[in-house]
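Both complexes below contain subunit A, partnered by subunit B and then by subunit C.
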Partner chain A sequence: MSSKPKVAFYWCASCGGCEEAVVDLAEDILEVVKLVDIVFWPVAMDFKKRDVEALPDKSINIAFINGAIRTSEQEEIAYLLREKSQLIIAFGSCACFGGIPALANLYSKFEVLNDVYIESPTVDNAAKFLPQTTSIDNNGKQIELPEFYSQVRALDEIISVDYYLPGCAPTPKLIANTINMLLGDNLPTAGSTLLPDIALCEECPRKDSKPTDLSITEYKRICENLVDPEKCLLAQGFLCMGPITRSGCEALCIKGNMPCTGCLGPTSRVVDFGAKAVSMFASLSSGKNEEEIEKNYAQVMDPVGTFYRYHLSKSLLRGKLERGI
Partner chain B sequence: MSEQNWEPKIIAFFCNWCTYTAADLAGVSKLSYAPNVKIIRVMCSGRVDPQFVLYAFANGADGVLIGGCHPGDCHYSEGNYKTLRRISLLKKMLTQFGIEDDRMRLEWISGAEGEKVKTVINEMTENIRKLGPLNIPEKFITWDRELEKRNRGSEYKLRV
Partner chain C sequence: MEQQLKRKVSIDPITRLEGHGRIEIFFDDNKNVERAYLQIPELRGFEKFCEGRLPEDMPQITSRICGVCPTAHHIASAKTLDKLFHVETTPTAKKIRELVYNAFMFEDHALHFYILGGPDFIVGPGAPKELRNVIGVIQKVGTDIAKQLISIRKRNRELISYLGGKVIHPVLGLPGGVAKGIDEDELSKIKQLAQDNLEFALFTLDTFKRIILENTEYLNLVTSPAYTHQTYYMGMVDSENRVNFYDGMIRVVDPNGKESIKFDPQEYRNHIGEHVEPWTYIKFCYLKKVGWKGFKDGIDSGIYCVAPLGRLNACEGMATPKAQQAYEEYIKTLGKPVHYTLATHWARIIEIIYASERMIELVNDPEITGKDLRNIPSKVGKIGIAAVEAPRGTLFHHYETDSKGLLRKVNLIVATQNNAGRISLSIDKSAKELIKNGDGNIPDELLNKIEMAFRAYDPCFGCATHYLPSKLPFTITLRDSQGKIIKRIF
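Our next item is the complex of A and B:
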């Protein structure tokens, strides 16, 4: 066995973009591979769960886990990797805050399964089968599927997490910095987010066009309006999350002429991202009576989906309250 | 607590300059009103961050009442307008979470309106009594019961 640090990657409830982001390191990944031994990476390499189980406890140096936790299988692997690893990194917004999959916390487990397996127009399921945790196959053998939980949870609701690297997905530059930092001698404080603790506006190329006093009279939807490529998006009335989101991505979306959607998560002073977004957008708008205010918000079609796009698991209310099982 | 002896729990944020003074006046005038409200004094209704409201609900409040100065009367000139804008957007969002409109109320009560404090608190308590308990902490416990099977103890840390 080599003495190189051992690294594991795993994906839970996620789209695969985070894995893609690691591959996006391109040639740099060869440098990483020179420095570390990858012992588990189901997406790219042929390792099995039993290979990890065979490792001694705490023998993996760093485990990067992306994706939220929705099934008992993801939960089990999270526990396994916690047992075998010294450091667990919540990689990407889903592992850190629940991410896009967490928006399913607005629906019950049944509504989700019903929609995917029965109602969806591309599905042919006349017998209305829904996935079962146990069933009998054609040979009479009992087979098992993982349990689909009622909630989407962030990784740190299941196991303790040493560091957080949010992003949808984290940029190759952030990943390379993180790996170098973790392989070095100076580890950051446990539990910290490996990003600057200042708002995105600080590194936004349109910073200078942001007026000191904003008084937005009508929030606009990006799909229905032309965007000025030079001017601050908030000043144009678009719902840009820049002021409450961490910096570190170098304002990628803004450079692509799209408002920030908040994937890097809140700065450390914020408890609940969506509530803070409500506070911010309300403060930046004008209107002194209910009628004017109503008009300001008329185009805010889906407040939870907009303000908690990546954070519903970590919101104070965690999801829709009455939704059955 | 059983359904029968349940009493609505309301958290009220009252601004120092108007509504809190009005509550004081209600007290000095010996007005009696429902004992279901726990009042928190803030310097301005504009100090009430939507995070406070969610925190109150998430920790067991059945309703949240916010009291500020009448429009134009804010001690800090604009604070109550900001509150109005925040609360309307927050209400829009709370609907999606399944929290009824009546559970959050914003009222303008001046320092002279001790009587209004009484009416508003009594009305709100009755409205919430009709809606029934919200009981979010209990819901969280129910939601997390599915994790108990595989819970491997505090070393692995579950949401507390």
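Our next item is the complex of A and C:
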């Protein structure tokens, strides 16, 4: 075995975008491969779980884990990698905050039972079969499936996390910076988020067109209005999460002429992203009495999907649970 | 119980694919494979949690079903919004969407050939696992080619970023158009990229022919019974029954190559059913016309195949000259329909050629730099359905709204789900053909050859497990040999 630092990549409840982001290191990946040995990376390499189990404890220098935790299998691998690794990085917004899959916390498992396997318009399931944690096939063989938990959880609700790199997905530049930082001699403060601790507006190309005394009388829907490609989106009446979202992505969505939806999460001073988003909304709205604020608020048709799109696992309000399930 | 466990070999996790999966191989008393299962042990929950969302947020929310093919979901969703909002896309916006889409098909297919599936051939199915990956590919093809691959992938992804803001989860799609257009100054760069794509696609075809077709051992592997199934095939076609990724009718041919069904994506519910099994979270699509007849192939089984192998069987040709030429050679060599699963790798390269040529057509269309990017809808309707051809097969989005115009019902048939039945057949058959007298110590090469049976499809089990788990009680279901429930133990 070579003496190069060992690195692992793993995915839990995720889309694979964080894996693509690593591949998007492009020519830099050749450098990374020179510097480290990748010992586990299911999307690209054939090392299996048993290969990781065979490694000595703490022998992996850095494990990047993306995705939220939904199943017993994901939890098991998170524990395994914690045992085998010196540093665990919560990689991407799902691992950091639950991400978009955490919107599932709005519904209990029970509520979707009929919807998915029985009532979906294309499902033909008169016998009302459901996938089972244990089933027996025609030959009498027992087949197991991992258990599903009632909630989608962020990685640090399962194991201790050393650093956070949010983003949906983190950009290759941020990934390269992180790898260099972690392979260097001066490790950042334990538990920190490896991004600048300032709001996105600071690096927004439309920063100069943002009025200092913003007062929004009418919130516009993006599908019903054309967007001026130069002017601050909030100044145009579109809900942009720039003021409360951490910077680091280089305002990519805004460069695509669409508002920021908050995927990098809040700065360190904010506990609950959605609560902060509501507070921002209230302070930007022109309405000053309750009635006017209500009127403004009614223009936000889907508050959860707008304010908590990536952060529901980390919300103080959590989600919906049914007891006894 | 202990006896039983010894008669099982697991491949966990299966690797070089998108998403989660494991293979469980069970042996009979004679140490032969009784049944091999590909299980999908992961789920998220899009259809349910999309309820209550704003329709215009769907292109960005559903792209998170898959970060490998976000553009497929994003564009399928934007097309669904066109239907839901009763709005036509402007001609320029339609061309921009299709340009982005073909750049995506190019880089996604190239990723599969060089990084996911290709290592099995380029490095070899029995190469040590430390090398049976992109690092091994680089060693084999040389750093220069590797740099070319990296550069062409990067440039295509930069084009998607330029128009979509981000490449992983782009933001361009809106009902009736796109958020951003093409600057005249950028056009020459994009034209050059389209040309370079074609050159790289043709180079990839040559590489494929040199490494695989000229190697008798590989060719025998491709055409061996372990990797062969006679099923129905599905793909989207234009008015002349040629492959189209962005728009068209859905055409299905039977195992003899005869047209069986041709339908508008709006009608998908009349033609596609989903079957549920207790041992996996994936749902298995089948043709309603034929019916679900269990895990078997043939003309009497509703199992069908999508993605490159399915598309090239379901069409009558390719819409661009170099792709057509490559298609003709493919059919001449393998016959039609092509039933060899591993031939999917070849079909995928033919599609890379088509994507490049289609990009060249689009960037040379004067409308591509038009400024009319969006038609603003005047109302939101009750229902929207649309489809695209994702790299991994036909992808349907279906949204319904409530009285406030928020989503109340979402149904998605994703690419890999269409292929789930056939992939299951492939794993079982390859295990049975390849492993004889298995005593529990199966050589790594053989296990990898079983994995090759799913890898050819380039499945995306992230996509396929977008739906949310239902209540999952600990239940044992006993069934007879016909699959009928005898008893359930709670």
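Everything that follows uses one rule, which is that the second predicted complex is superposed on the first by the 306 of 325 C-alpha atoms of A that agree within 3 Å, B and C clash if a C-alpha of one lies under 4 Å from a C-alpha of the other, contacts with A are read in each partner's own complex, and residues count from 1 in each chain.
Here is the rule we go by: a contact is a pair of C-beta atoms (placed from the backbone, for glycine too) under 8 Å apart; a residue touches a chain by one contact, two chains touch by 3 or more.
This one's a predicted model, so the numbers in the text were calculated from it and none came from an experiment.
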First (subunit B), second (subunit C), both or neither touched by A:R82: first
Subunit B versus subunit C, judged by how many residues of subunit A each one touches: C
Which superposed partner A:S192 touches (first subunit B, second subunit C, both, neither): neither
First (subunit B), second (subunit C), both or neither touched by A:N180: neither
Partner chain(s) touched by A:L316 [first = subunit B, second = subunit C, both, neither]: first
First (subunit B), second (subunit C), both or neither touched by A:V304: both
Touching partner for A:I293 - first (subunit B), second (subunit C), both, neither: first
First, second, both or neither for A:E147, with subunit B first and subunit C second: both
Partner chain(s) touched by A:L106 [first = subunit B, second = subunit C, both, neither]: both
Partner chain(s) touched by A:I222 [first = subunit B, second = subunit C, both, neither]: second
Common interface positions of subunit A, toward subunit B and toward subunit C: 106, 147, 302, 304
Contacting residues of subunit C [partner subunit A, same complex]: 1, 4, 8, 11-20, 24, 26, 28, 34-35, 37, 39, 41-45, 47-49, 51-57, 60-61, 63-68, 70, 81, 85, 111, 115-116, 129, 132-135, 138, 143, 146-147, 150-151, 153-154, 157, 161, 163-172, 174-175, 179-180, 268-269, 272-281, 283, 285, 288, 292, 374, 376-377, 398, 404-406, 409, 411, 413, 448, 460, 462, 467-481, 483, 485
Subunit A residues touching subunit C - in the complex, by the definition given at the top: 11, 13-21, 23-24, 26-27, 29-30, 33, 42-50, 70-71, 73-74, 99-101, 103-104, 106-107, 109-117, 120-125, 127, 129-139, 141-143, 145-148, 152, 168-169, 221-227, 229, 252-258, 261, 301-302, 304-306, 309, 325
Footprint of subunit B on subunit A - complex, ascending: 72, 75-76, 79, 82, 106, 147, 149-151, 153, 156-160, 270-272, 274-276, 278-279, 281-283, 285, 287-290, 293-294, 296-297, 300, 302-304, 307, 315-323
Touch list for subunit B against partner subunit A, complex: 49-51, 53-55, 57-58, 71, 81-82, 84-86, 88-90, 92-93, 96-99, 134, 136, 139-140, 143, 146-147, 150, 152, 156-159
